[in-house]
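Heads up, the next two complexes both have chain A, just with different partners, chain B and then chain C.
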Partner chain A sequence: MTLGRACLFLALAIAPIGAIASIYGARTGRREWVAVGRRSVYALAAVLTVAFAVLESAFLRSDFSFEVVTTHSSIATPFFYKAAAMWSSQEGSLLLWMWLLSLWSSLVLFLTRRSLRELAPYATAVLLGFATFFGALVVFMANPFQLLDPAPSDGTGLQPLLRHPSMMIHPPMLYSGYTLFTVPFAFAVAALITRRTDAAWIRATRRFGLAAWTFLGIGILLGARWSWSELGWGGYWAWDPVENAALMPWLAGTAFLHSFMVQEKRGLLKLWNVCLVLGAGILAILGTFLVRSGILQSIHAFGGSTLGKPFLGFIALLVLGSVALVMSRRDDLRSPEARSYSPLSRESIFLMNNVLLVGLCFVIFWGTFFPLISEAVTGNKASVGPPWFDRYTVPLAIGLVFFSGLGPLLAWRKTTLAGARRSLQGPALFALVVVVLLIVLGVPAGKWTALALFGGAAFAIGSVVQELWRGVSVRRAQAAESPPVALVSIVRRNRRRYGGYIVHVGIALLFVGVGASAAFQHVRDVRLSPGQTARVGGYDVHYVRATSSVGPEKVSLGAVLDVSKGGKHVSTLRTTRGYYPSSDPTAGPVGQYFDGDSTTEVGLKAGLRRDIWTAVQPDIGAMQKMVDGIDKRFPLAQGDTQRFLLTAVSQRYVVAPPPAVFRLIVSPMVEWIWLGGIVLGLGALIAIWPPPRAQRRHVVAPSWSARLGRELSRA
Partner chain B sequence: MQFVLVMLVLCGATALMASPLYSKVRGADGQDAEEAALEAARDAKFREIRDAELDFRTGKLSRDDYRALDSTLRAEAIDLLRRLDAVRGHEEQAA
Partner chain C sequence: MDPRRKRRIRLGVALSAAVMLAAGLIYTSFSAASDARTPSQLLRTAESGRSYQLTGKVVPGYRVHGDSLDFRVRDRAGGSSVLVHYTGEIPDPFKGGREVIVTVRRSGSRFVGQRDSLITKCPSKFSASKGT
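On to the complex of A and B.
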């Protein structure tokens, strides 16, 4: 047995043993067994690190005795992509999932090793339960260490669509998000089992929930960026099942990160929070299931469909277990401090925002699973497209942006009417000015959804700027600091609050990008020959010449385009279509390249005002006769001869190019989406960063009030 | 070679898991856990007091509402400090 395979068996043994030890320790009060459970998680992380390193090393060394290396890499695959090829396979991605789970679990259990004495053992057992399920999958159903004997001399290579830099970090980001969502899930289950439903479990896991939300959000945006610059269809979001699968737990996470604060400060929403956290955890598993099962048609589902049943069983267990647990603890989840909400309070806004987020989540869930639902009810597999999603999600998104601006303007518990009016008037005026200015500048009033999104985003950004301004003013009055120093001081002293506000700015920028690019995008599909010009969105796109190249992995045919506006040169764009050889031996030495996978290299001129996007689809049908003729004359050509023939064909394409089909897009403000993502990540980092630890001093104070004042100023 | 490596990983993992059964377990006793919980609650209460003050100074809370809220929060914070001292005092006596 190989080292990697042995590590997987060991992991599968460690996980249930640790879970049983944890529960035994918790039930009997024997702390040494609880410690065995916790250290089992550390041991799991260690053995999975070894397994991960073995497989990664096999990919980097192009060791084709591993089946997964043969089927997902090749000698010609660039080193950069060899490192990322592991998670393009089902087996490798499941190992990555389990490894990340073990690392995050180790981290949370290490940080809580001296606290949450009652909760931690059960949370450990739940986390190890997840590890047991994934361990069983990689041991019995998707073995990443399957060997080939004899080993082939080369592999089939990485799926061409995945050859994009963001693919290096997109899956680890998504999987970090998914696995981190299991941490609050595990502690929520532990809180329910032990009936410790106060805010302690929330305080202990809030940062992990926020980290999950951040990783998943960045992962989603990286996927969108990949779609925009690699997939060649001209969009960044298609309401694809796999995209939706990542978005749903992210939305649930957004909801609970807000409602957590209501429980922390007011003791309210206990039941709601537990349901949201359990829901987000289950949706995270559902996301993995959708990618890996192939149950729904998706451009992202690269895996086979062999894991559907175990995943479904596991999800059913999680759902039924969660429902049963919540039902059995509903008395403990009643908030003893329940009081009425003032409509003019931050918690009321959080509640509204939660309702909108959960509504959005439900709409996406329904649309995603509609093919399965319709098949079950009518027998026909019908699906819903982007217009259906847009109809329901756009109004909800507008409401969300508006509430993200309103929340920071109101105080907890109660804001007076005069205070609310004073807080609201600045941002509201700013939003109004922005909307009027946009109409004056030519945005048609009929584009009301875009105008509402811009107005909402302006309101949200205005409210954050006002809050920062007020905070700086207060600080300056107290400490006589310069404005930049005062700004840094208030952010440092209130990381959660101001980090959250910065996240709101990121979301607002993101929505501006989405609103502008969706409402004012110009798209044209045109057929051009060299020398011809097409007009799109006020830009003239001139097809200058055809291009070609023959590389070790692919043949590329493309075009050079000159973009101008009003006779003034704007940019020169190069777009290509790369053709990878098929594994069909009957296809011929040249024809096999045009029968296999192909990918688009987009010609993109990006900018804060607009992106000019082009993709070429060469008419290879026009070259078919020539390709067939060469294949007939040189059916066994290989190596240099094959390369010579491919070069001849590609040169022919350059000299006498047939008309090519181009997709030309002028899309305003797409870059704002990525910019919003960066701001969002920055804000989340500020909010996650731990505050300086309050010094532990045992001071006998002359009065408790004085001591409180001193500790407050230090904290 | 593979066999030796497998054995090394197996022994290492077993030793790591089983070590608490043969040595004194450190941490996570009742007082540690209670102290950590109280510290977390205290920090959250401090944050709440600062938030309320900021809300008042930025004009979101009226003076009367702020006074009532601040005195409630401070009383709760003092209670937490007392309980924290009690736990620590117990610890120090035990030491």
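On to the complex of A and C.
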């Protein structure tokens, strides 16, 4: 047995033992058993770190005695991608999931080791329950340490399309998001079990919820960015079930991050918050399940996976357990102040925003699972496409952007009409000016969804700027600081609030990018020979010449394109398609390259105003006769001879190129999506960052004295 | 107005709106959906003029001519296959043996793919079926 496999067995032993110890300690009040549970989580993290390091080292050393290394890496795979190849496999990605879960669990239990003593043991048990399930999967069903005897001399290599820098961090980001959502889930379950449904569990886990939301959001955006800049289809979102599965917990997370504040400030929405947190946790597992079950046709689902049934059982257990727990504690979840709800208050706006987010989540859930629903109702599996999703998600998104601007402008409890009017007029005027200006600049009034989205985004940004301006003015009056210093001061003193505002700006920028690129994109598929020109979105794209290259791993055929507007040169773009050899032993020395995988290198001119996106599809069918002839004459060509033949074919392509098919896209403001993502990440980081030490002492002190008082009264 | 009555009216309005929206959602999803079919199901039940989502594996030996493609799609477990003529963007991972999803309409003995509707499995998920 390898060290890695031994670590997995050890992990599978530690997790249930720790869970049982935690529950026993909590039920009997024996602190030493609770400590055993907590230390089990630390031990689990240590053991899984070793297992992770063993597998990672096998990839980096190209140790092909491991099956997973053979099937996902090779000697020629660049070092950077060898490190990332681990999570391109089902087995490796499950180990990554479990490892991240153990790390985040250790962090939250370490940070709460002196607080939440009633809740922590049950939360520990829940987190170790998750670890037990995933441990069982990697031990019994998806062993990442499966050995090959004899070991092959080389592997099949990492799939060429995955060789993109985003793939190094995209899966770990998504998995960090998924695993971090289990932390609030675990503490919500603990709060329900112990009937401690006040805001203490929220305060303890809010940062983890925010971190989950941030990681998942960045993970989703990195996937979209990879799709746009690497894949040859010219889009960043396709409403695929697995993409939707990542978006749903993110939406639920967005909802609870807002409604948490209502419970903290007003003691309202206890039941709603618990349901959202439990829902987000279950949706995170559902996302992992969809990738591995094959239950829905998804381009992102693992082929031939056998993990669907255990996942389904686990999700059923989570849903039934959550429903039973919430039902049994419904009396503890009633809010004492339920009657004092003013419609013109921040909490009302947060509630509306929550309704829209949950509505959006439900629409996506319905559309994603519609094949199963239709099969159950009609007997036929049917699915809905992007136009159906757009019909519902666009109006909901417009509403969300608008409410994200409205929330910060209203006070808690109640705002007078005059006060609301005073707060609203600045941002509303700004939004109106932006919309009118866009119409004057030529945006057709018929594109009302795009205009509404831009107006909503302008309103949201205007409200944040107004709030920052107010804060800076007050600070300057108090401390006589310069505006930049005053801005830094107010953000430092209230990181959560202003970090949230910056996130709102990021979301507004992101929506502007999505709205503009969806409504005003120009796409053309054209067949061009060198010297010919095509027009797209007001730009002339001239096919200058064909290109080719023969590398150690692939043959590339491409094109040089000259882009101009009104006779003025804008950019020179190079787009290629790389052809990798197939592993089919019957294919000829040249033909094998055109039967294998191929990847598009997009020719992209990115900018804040618009992206010019080009992709070439060389007509290899026209070269087939030549390739077949060479393969027939030199069937055993290898090494230098094979390279010489490939060079001859590629040079022939350059000298007499057949017409190639190009996809040409001019898409406005796509960069705003990525820019919005950066701003969103920055805002989230500010909101997650712990408050200054002095403020922390101020906040912590009452809870310390309260606990001391409680424990003294028990003594 | 009595606050209790006010709350009931609000709840009634909210529930009515939710029911209406849900009804719209259900109606539009059934009317806008296209049936998913395997090649063998398509051969048995396809009607002319209706669109279907065809799912299956690409049979090796397809031909690319510029941006058009003639290929056969077979059931996952082998068996029946159908000929598809497709025009539009050919995804990078498209290859013999790979799983694809394409929206098609019947046209005589073959099927014509809807432009740009061809999608292939995400490249990170090509793991072979265990035990097959």
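Some observations on this one:
As a convention for this text, the second predicted complex is superposed on the first by the 690 of 715 C-alpha atoms of A that agree within 3 Å, B and C clash if a C-alpha of one lies under 4 Å from a C-alpha of the other, contacts with A are read in each partner's own complex, and residues count from 1 in each chain.
Criterion: contacts are C-beta pairs under 8 Å (C-beta built on N, C-alpha and C of every residue); 3 or more make two chains touch, one makes a residue touch a chain.
Computed from a predicted model, the values in this text were never measured in an experiment.
Shared-chain residue A:W412: touches chain B; no touch with chain C. With both structures placed on the common chain, the touch criterion links A:Q638 to neither chain B nor chain C.
In the superposed model, A:Q90 lies in contact with chain C only, and not with chain B. When the two structures are aligned on the shared chain, A:S153 is found in touch with neither chain B nor chain C. Judged by the touch definition given at the top, the superposed model places A:C7 against chain B, while chain C stays out of reach.
Of the two partner chains, chain B is the only one that A:S423 touches; chain C does not reach it. In the overlay built on the shared chain, the residue A:R391 is in contact with chain C alone; chain B does not reach it.
No residue of chain A touches both chain B in one complex and chain C in the other. Chain C makes touch with chain A in their complex at residues 3, 21, 25, 28-30, 32-36, 53, 55, 60, 63-67, 88-93, 95-96, 99, 101, 116, 119-132.
Touching chain B in their complex are the following residues of chain A: 1-3, 6-7, 10, 14, 17-18, 31-36, 39-40, 42-43, 46-47, 50, 113-118, 120, 199-200, 203-204, 264-265, 409-416, 418-420, 422-423, 467, 470-471, 474, 493-494, 496-497, 691, 694, 698, 704-705, 707-708, 711-712, 715.
Interface residues of chain A facing chain C in the complex, by the touch rule stated above, are 71, 88-90, 159-162, 167, 171, 231-234, 238, 242, 291, 297-306, 339, 359, 363, 366-367, 370-371, 373-374, 378, 380-385, 387-388, 391-392, 525, 527, 582, 595-600, 617, 619-621, 659, 661, 663. Across the complex, chain B meets chain A through its residues 2, 5-6, 9-10, 12-13, 16-21, 25, 27-30, 32-33, 36-37, 39-44, 46-52, 54-62, 65, 69, 74, 77-78, 81-82, 85, 88-89, 92.
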